[in-house]
Amino acid sequence: MVARFMSLKDAVSSCIKDGDTVSMEGFTHLIPHAAGHEVIRQGIKDLTLIRMTPDMIYDQLIGAGCAKKLVFSWGGNPGVGSLHRLREAIQDGWPHKLEIEEHSHAAMANAYDAGAAGLPCAVFKGYRGAELPRVNKNIKFIECPFTGERLAAVPAIRPDVTVVHAQKANKKGDVLFEGIVGVQKEAVLAAKKSIITVEEIVDNFDDVPYNAVMLPNWAVTAIVEVPGGAHPSYAQGYYKRDNAFYKAWDTIAKDRDSFSAWINEHVMNGGPEDFAAKRDANKG
Amino acid sequence: MVDYTPTEMMTVSASRALKNDDVCFVGIGMPSAACNLARLTHAPELTLIYESGTIGTKPDVLPLSIGDGELCETAVNTVPVPEMFRYWLQGGKISVGFLGAAQLDKYGNINTTVIGDYDNPKVRLPGGGGAPEIATSCGEVFLVMKQTKRGFVEKIDFITSLGHGTGGNDRASYGVDTKGPSRLITDLCIMEPHPVGKQFIVTSIHPGVTREDIIANTGWTVEFADEIAQTPVPDANELQILRDLHARTAKAHEGQQ
Amino acid sequence: MVARFMSLKDAVSSCIKDGDTVSMEGFTHLIPHAAGHEVIRQGIKDLTLIRMTPDMIYDQLIGAGCAKKLVFSWGGNPGVGSLHRLREAIQDGWPHKLEIEEHSHAAMANAYDAGAAGLPCAVFKGYRGAELPRVNKNIKFIECPFTGERLAAVPAIRPDVTVVHAQKANKKGDVLFEGIVGVQKEAVLAAKKSIITVEEIVDNFDDVPYNAVMLPNWAVTAIVEVPGGAHPSYAQGYYKRDNAFYKAWDTIAKDRDSFSAWINEHVMNGGPEDFAAKRDANKG
Amino acid sequence: MVDYTPTEMMTVSASRALKNDDVCFVGIGMPSAACNLARLTHAPELTLIYESGTIGTKPDVLPLSIGDGELCETAVNTVPVPEMFRYWLQGGKISVGFLGAAQLDKYGNINTTVIGDYDNPKVRLPGGGGAPEIATSCGEVFLVMKQTKRGFVEKIDFITSLGHGTGGNDRASYGVDTKGPSRLITDLCIMEPHPVGKQFIVTSIHPGVTREDIIANTGWTVEFADEIAQTPVPDANELQILRDLHARTAKAHEGQQ
């Protein structure tokens, strides 16, 4: 089934339901903030959120009460410090208890790869001498049938829905990623459904190189044009990472009230159209 | 002689550990400053790799995250994250992993997961990220970390990433054939693992630091090598380049809104 | 160790020795014909040759007596028919007996991937209901530790030397592949040493896209500039596949004498400099 | 009515089996002609994938190999071969695999490996290539092959690629949950698997062909469906486009030296 162009509201409401397993990926770059806000606005609950590097947008989803469980490998505000909402959910159970399943980056990168590849599990040289296997039953070990070498195994990641942001789609719905591409392509291919927000929709991809990082339209569910939709993350070629806002988030999120006030003002009373101005402000 | 801070002493010492032909997997924070300082001074051909997939990057300012745009724009090539961890790290292509820690023991085992019990943590830290496999797949590991009694402990609360395990040949018992932590650079001294026991021993002390300072800031019983060097102080060029780098970085990160 | 620029003669003599396991890859595109000829000229023997699609160049190496064993997944002249030298080596032992280890494409693609990834084996959903596992002891099966699903496993491919052709290197020795990139990057990363022949050496890669298919100079052993070095295969952007010659090969190779005469004239009495003219003839 | 050859009849019938929204993994030779004819006639949005890594390719001439330059130049995207087999084929993204064979049995099991004994073959064939996993990972498989007693045999010499195994639910016993061979298009007729037993039964006969022709060219005992259709003949447009395609192809492949 070929991708459909939709509004963000329709894309989220038609693809994501309470209790789903959702991956919103982006390795610092191209994080789908606008789509995350739409999930909060629609009050979707009990999500199992998957992401290698849950940062601000997952802090917001967790603080807003959308998440039941988090599967992750590094949960912090990069270069700044802790994610206060994540930390409070784990340490104090606010707004409610958050179950966690913790991995290493290598494990999750391999698990996305395995999900995209239709495998039930990923096999890799990992977790040797590390303690996570003691507390995470989804880490097992197998033996290489040729050498006897002990290898780690983790279940493949197969989200119900993957949400990512990309630079461009063309009018047919093919999607282009450029720059730090993270695990986005794998996360989409591993999922049952996908929502892709893009900076712009262009007529064609005639000038795109043969070996670009792309998804053809039949491998994608919904496409939404949201200029600036990654802010305060960034879109290479469009606007820069708003590092100042990542630093400011540390103060906003530290306190429950200031967090809730921010969500109310910028998310509950905001919309995807607000992101274009943020894109313009970070062009430099 | 030029004035410098203990952090500058640490960063400069750490940068000197890198060679021009190293391929270095860079952790964020202190490692990133040391690695880029090395590239901007004595090791211009040093290959820096960040886990975001950027290979051979030459950022003009220090990235705030491991995935800032500068890393990609100045890289030789940018690959997907699964490829980074599979072909480059696990594939044995990286000579040095440069890591920091929240807690460290004398065998170089690293905790960046939790302070306290895993299920009921006193402090929930960000977690392992790339470190568990950086620690085992890179040819060797350099550690850089400010020395405090809270950080340098007899027993870490959680083994996020393997160092030399319980010492001796314990590391190899996990099927790991890489060298592991071969150098620990702090704001007070440089430590290297004992050739047999693998516990860290102090091999070089920074100027102005006493043995008592080191003991007072270490949670394990400190061992000193028979012959201890005095760490060469940062030279004026290194300090200038490091300070310029930090100044450019501060300007770049505050300049946006 | 950073790549060194060398002559083809020096690259082959310094990297490849009798008895080595050698992969010369290229999936129809970018097949390193000039390098293959150099191996024949140097009379290197007892090679274990690995390749998904052994075609004309492996037919030549086998017919010239360089190979002891062939590891492969499809051995034919694509769209034309059999490889007569390969067929005669297997069926009649001429010029001597050839041991074979046969896989499927999926198995070999996964085995190269595993080799590049430093794994001892590749695990994939393969060979289900197929008969190759009966005749190839390097195909085994394991169970997913989470689902119990039966998965195929093959040993990782780890050649002593990989030889490939690429479009460009820059003066630092970084290498660029474009178009149908096959398993070349994986084959190089999986090998202990590598020889890369290229169409041209350019000053820099400033205009190369962020996510191009590349090898940095420290991941490569030797680089040799051989314009036209893939002929009668092709180099996208430089010259086309010489399909007419692939068809002509069927006649040349059918007969031992005409084969030997061709090798004598074009290989033993030829050199890498002959390939530039073939490139010019196939530009159209 | 337009004149056509049995091969043209086969190619046109095969092309008609493809739908506009199919994603088709194309084998070389006969499948390639049929798939491109479908794209150039009733299924313009048909996605064609070749194992060389080209996704959504629209070649103007038929490729001689599975990796000709036209495939890449006209593709939506070109990916590495490991990615093609891992993410796209094994990942379950392909709806139809289109294959040929050297030998075929009535359950659609394919031999493209050897005639005779594997270790002492009478004829060594090219081998499986992508077929073993195309046969099990694609949503369904269409087979296209000229019908002869030598090719359509009771027992194939080597099972290169699984069809319906020994029939019935045998295919599922290998952990395979895809449909398998759902259509066999020859130069004489179209066969489809029996809903329960899974052996091929003739469901449509090409104009001018008799049941005896089919029986005489089949090495197994032919079964005919209760109701048998007559295959619609190629229309003028299909023939014209197919002949133009072959003419362009011949010109392109001979034009080089």
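Just so it is clear, A, B, C and D label the chains in written order, and each chain counts residues from 1 on its own.
The rule is short, and it goes like this: contacts are C-beta pairs under 8 Å (C-beta built on N, C-alpha and C of every residue); 3 or more make two chains touch, one makes a residue touch a chain.
By chain, with names taken from UniProt: A, B, C, D = 3-oxoadipate:succinyl-CoA transferase.
What you are looking at is a predicted structure, and each value in this text was computed from that prediction instead of being measured.
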A correct list of chains touching both subunit A and subunit D reads C
Intersection of contact sets, subunit A vs subunit B, gives C
Counting C-beta pairs in contact for C-D and for B-C, the higher total belongs to C-D
Distance between the CA centroids of subunit C and subunit D (whole Å) is 28
Dist(centroid_CA(subunit A), centroid_CA(subunit C)) in Å evaluates to 39
For the pair subunit B and subunit D, the C-alpha centroid-to-centroid distance in angstrom is 57
Check: subunit A positions touching at least 2 other chains come out as 113, 117-119, 124-125, 149, 179, 181, 186, 210-213, 236
Note: subunit B residues in touch with at least two other chains are 72-73, 78, 86, 90, 137
Contacting chain pairs, sorted by label, are A-B, A-C, A-D, B-C, C-D
Contacts from subunit B onto subunit C in the complex sit at residues 21, 23, 45, 47, 55-56, 72-73, 75-79, 86-87, 90-93, 137
Contacts from subunit A onto subunit B in the complex sit at residues 27-29, 52-53, 72-76, 78-80, 82, 86-87, 90-91, 102, 104-106, 109-110, 112-113, 124-132, 135, 149-150, 179-183, 185-186, 213, 234, 236, 240-247, 281-282, 284
Touching subunit C in the complex, subunit D uses residues 28-29, 51-54, 63-69, 71-73, 78, 80-82, 84-86, 89-90, 113, 118-119, 121, 123-133, 136-137, 158-162, 165, 171, 174-176, 252-257
Subunit C residues touching subunit A in their complex are 117-121, 123-125, 138, 140-142, 144-147, 149, 151, 153, 155, 177-179, 181, 209-213, 236
Subunit D partner, complex, touching residues on subunit A are 1-2, 113, 116-119, 174, 186, 189, 205, 210-212, 214, 216, 218-219
